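Here it is, the structure, as structure tokens.
Chain naming follows the written order as A, B and C, and within any one chain the residues start at number 1.
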Amino acid sequence: MAGPTVQAEARAGPTPKPPEASPNPPGNPLRNSSKGHSMLRHAGKRLLAAIPLLLVVPLLVFLLIDLAPGDPAVVLAGEDPTPDRIAAIRGELGLSDPVVERYLRWVGAVLHGDLGQSLMSDQSVTDMIVRRMGTTMSLVLFAMVMAVVLGTLMAILASLRPGGVVDRLVNWLASVAIAIPAFWFGLVLASLFAVTFQVFPAFGFVPLSEGLWPWMSHLVLPGIALGLLPAAEVTLQLRSALGQELKSDYILNAQAKGLSRSAVLFKHALKNACVPVVTVLGFRVAEVLAGSVTIEIIYNMPGLGSLAVDSVLSRDIPVLLGFVLFSTSVVVVVNLLVDISYGYFNPKVRA
Amino acid sequence: MKNVTTPLDDPVDAPGEPYEEPAQAGIVRGILRRKSTIVAGGFLALLVLGAVLAPLIAPYDPNVQNVLQRLRPPSADHLLGTDDYGRDVLSRLIYSARVSLQASAQAVAVALVIGLPPGVAAGYRGGWLDTVLTRIMDTLMSAPSLVLAITIVAVLGPGITNAMLAIGVIMAPRFFRVARATTMDVRHETYIEASIALGCGNLRTAVRHILPNVMPPIVLVISVSLGAAVAAEASLSFLGLGVRAPASSWGSMLSTASSNMGLAPYLVWPPGVMIFLTVLAFTYLGDGVRKGMTRSRSARGKGE
Amino acid sequence: MTERQQETEAPPLLETRDLTVEFPNPAGGWTPVVQQVSFTVGQGESVALVGESGSGKTVTSLAVMGLTGVMGGRVAGGSVHFDGRELTALPEREWRGLRGPGMGMIFQQPIRSLNPAFTVGDQIAESVRRHLGFNRKAARARAIEMLDLVQIPRAAERVDDYPHAFSGGMCQRVMIAMVMACNPRLLIADEPTTALDVTVQERILQLLRELQEQTGVSLLFVSHDLAVVAELCQKVIVMYAGEVAEQGTAADIFLRPRHPYTSGLLAAIPKPGLRSDRRLESIPGSIPAPGSWPAGCRFHDRCPHREPGRCDSRHPDLTPAGPANEARCLRTSEIELQGVTVA
């Protein structure tokens, strides 16, 4: 049974763009000395290109609030608002000012590190985010590491014997795993291993400062739940990339050189096969971040996800904006790292 | 690899059966060639049928509460047990299929409306229009998707319609990209240039000549997006941002399961399995559509 | 001439006997691509393997390297004898030890044969480290030395460059450096100049000649281009449809071909003033694919000298023809074939 292969690119939007290799004049004597520089310049350019995204997404939120039918203050005040509450919101958000002015004021404050105050608790949004950041980042990091490790292992195992039983099994498992919703998988894991068998603690989060194992043990189940989808995608991507690489001329050459099987596979094929995988991983970070919202709710982890959901339910716009800005920044930073990693995996991009 | 096995190393392209049929029939036949596609399509057809006939199939009223029968495990009376209000899980599962399928269709319709016409326009006109639209869609695409959805729901207020609007907006760039790319592909085909030269209006040309070319790949995107929308609806409803009580979707049923996990672990399975199977069926269907399309396309290419 | 005679009397470095290689076909069976190929390469000798694309010459050279399995094929019969050892039954581990210090291979597409993700120095050094046990530093020094040997300017700087910074000809030099770094006994060159510009071709051939003089390495030179072969090799093996059509000394093959196919190949050598892209203009049709070889002589349907009822029914054996040649042609003694006319 051949598993579907389309979902890897079609599932969540962005089609991975392979790094563009710029033509390089062969043997330019100045190239060596400028290697480091061009790398930095490359990174800087990508960072500049990412700034509009950081500005546009919050702008969308402002515009949406403004365009939403009805008086935003009344809408934001939720059900059964008191006139005081409406007035407070209007004042807090400066709703009597034009939307562009409000937006620019917000941007100005953000540049000074001030994300405003929560409408609900009068806490500083920056504080709230900083306090909950560790949980979410631990969870996302754990999931991504698991995805990379598991996905790489499976893909390598599968490509040892192309078309063999293991290959087909891995491909099938991965394409089925892609259809499993992360939050349901999280629920199943929790109900099996935390409630029924009680192997792992079911709920909550312990920071790393309180010890490695307590931290880890609270992350295992949610991390696996969250990491399943990216793991499956890494498996499929890496398997197909390895298949391509193993057919290439330089792999034949590596074998003609009498290199060992492992050197051919791990050194020569793997490094080249990493480019599409890293691209996919970069895009999936946004999805994993989104998935962490539901996973945090299920496992009752005090992270940004539960903060975001609370802020949506209570229409706490400043907190929501902070969350949006934070998530977008993470995505931007990860994409930047992905871009930089192209330089390592594919030296052509560096030039 | 060079001249090593000239005729042998490409068994995939080995002489296939000649296709003499018109394109559409070729595609359909190519799709039906795969067993997994038929199974997936059959499952989805049954699902739709079940959702439409829910009042006839469901053993109980999905919303009737029975405090004496709370959180009962599966039994002969209640095949899948009861939830925290004593409602029959099987009945709720069947009725939820309506909500889930309808919601995902809504989301895809929104994405189609927002993505397809601008995509055709951008590919057809090119120039500044293309630049502006592509830039907007690219931004939309690189923004973290569920975060965007949550934001839209936050501003518009929770509810299934708003949630699906949000998901539709997020999925629109896919439709845009495919529509734009295909339009650009066929834009310079002779018959389209001829149609323009004959004085057919732009709109007429687009609808009569370009749309038929754009639709096959769009059908593929629709199929995959329907699955993604089912999953997205489930997570938003799970978070309480989607469907509102008393209506329920598979996502909101999982929310109930989550809060009663200790007492009724069996509640986790039915809605989850349904979401999983539905998403899987849509991906296999999409996969079958894609393979059927490439198959008939390459067959046609050879015949010419 | 006397020197060479002594060499050929010593046991040959490489000897294949009735080598048969098969590849899987779509029907699930195996199709022979190379059939019963026998030839020898002496110590320090240059032997050319010549034929059109699809004649099986690359597969033959891969079989000598033990790499048919990598390409999905298998050696179905015959033997490969190298330096006193029988290779066809060798376990994969011992094979690997032989590739590098025993025999090395360079390919038609030098740019694609180098791994884009590693520096050329790294790629040269890794086989030296593996086969000669050099440490990192010594291997690097060896890489620079080899780059210098293949006449890459500023070798000490370029050792840290990636393949994409080299032109096609330079990449082929790197490939040669990589293969020669382990001091192999046999160098297999599979169309090493086909993908290169004519001027670059000439320099690569010159380099191969010089290296052979310096190191005494034996050369198995695979090519479709008899003009190139004429400059480099003492012995020529002409292959057609997976088998040897004719073999013999270069002088004999060029001046007095005994097989119509060889004659046709010779006629196709571009003459000054003629465009070179009209290959094999003297032979109509194209080489049959493996699995669809015609009965009788495999060349008969393209042969200007065919005799209906004879050439299409009996498959000819390789028989002695002329002083030192062997040809696979039923009519070889009956027909007058045109060789290269020496101006």
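Simple rule for what comes next: a residue touches a chain if its C-beta (ideal position, glycine included) is under 8 Å from a C-beta of that chain, and two chains touch if they have at least 3 such contacts.
Computed from a predicted structure; not experimentally measured.
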Chain-chain pair with the highest tally of contacting C-beta pairs: A-B
Most central chain, judged by mean C-alpha position against the global CA mean: A
Rounded Å distance, chain B centre to chain C centre (Cα mean): 55
Between chain A and chain B, centroid-to-centroid distance (C-alpha), Å: 23
Whole-Å gap between the CA centroids of chain A and chain C: 51
Where chain A touches two or more other chains at once, by residue number: 249, 252
Touching two or more other chains - residue numbers and ranges from chain B: 1
Multi-chain contact residues (two or more partners), chain C: 71, 107, 109
Residue ranges of chain A touching chain C (in the complex, touch as defined): 21, 24, 26-29, 31-32, 248-250, 252-260, 263, 267-268, 271-272, 345-348, 351
Interfacial residue positions of chain C with respect to chain A in the complex: 65, 67, 70-71, 95-101, 104-105, 107, 109, 112-118, 126-127, 130-131, 154, 157-158, 160-162, 164-167, 170, 175, 178-179
Of chain A, residues touching chain B in the complex: 1-2, 4-7, 10-15, 52-53, 56-57, 60-61, 64-65, 68, 75, 175-176, 178-181, 183-184, 187-188, 190-192, 195-196, 247, 249, 252, 286-287, 289-291, 293-294, 297-298, 308-309, 311-313, 315, 317, 320, 323-324, 327-328, 330-331, 335
Residue numbers on chain B that touch chain A, as the complex places them: 1, 36, 139, 141-148, 150-158, 170-171, 173-174, 177, 220-221, 224-225, 227-228, 231, 234-235, 238-241, 254, 257-258, 261-262, 265, 268-269, 271-272, 275-276, 279-280, 283-284, 286-287, 290
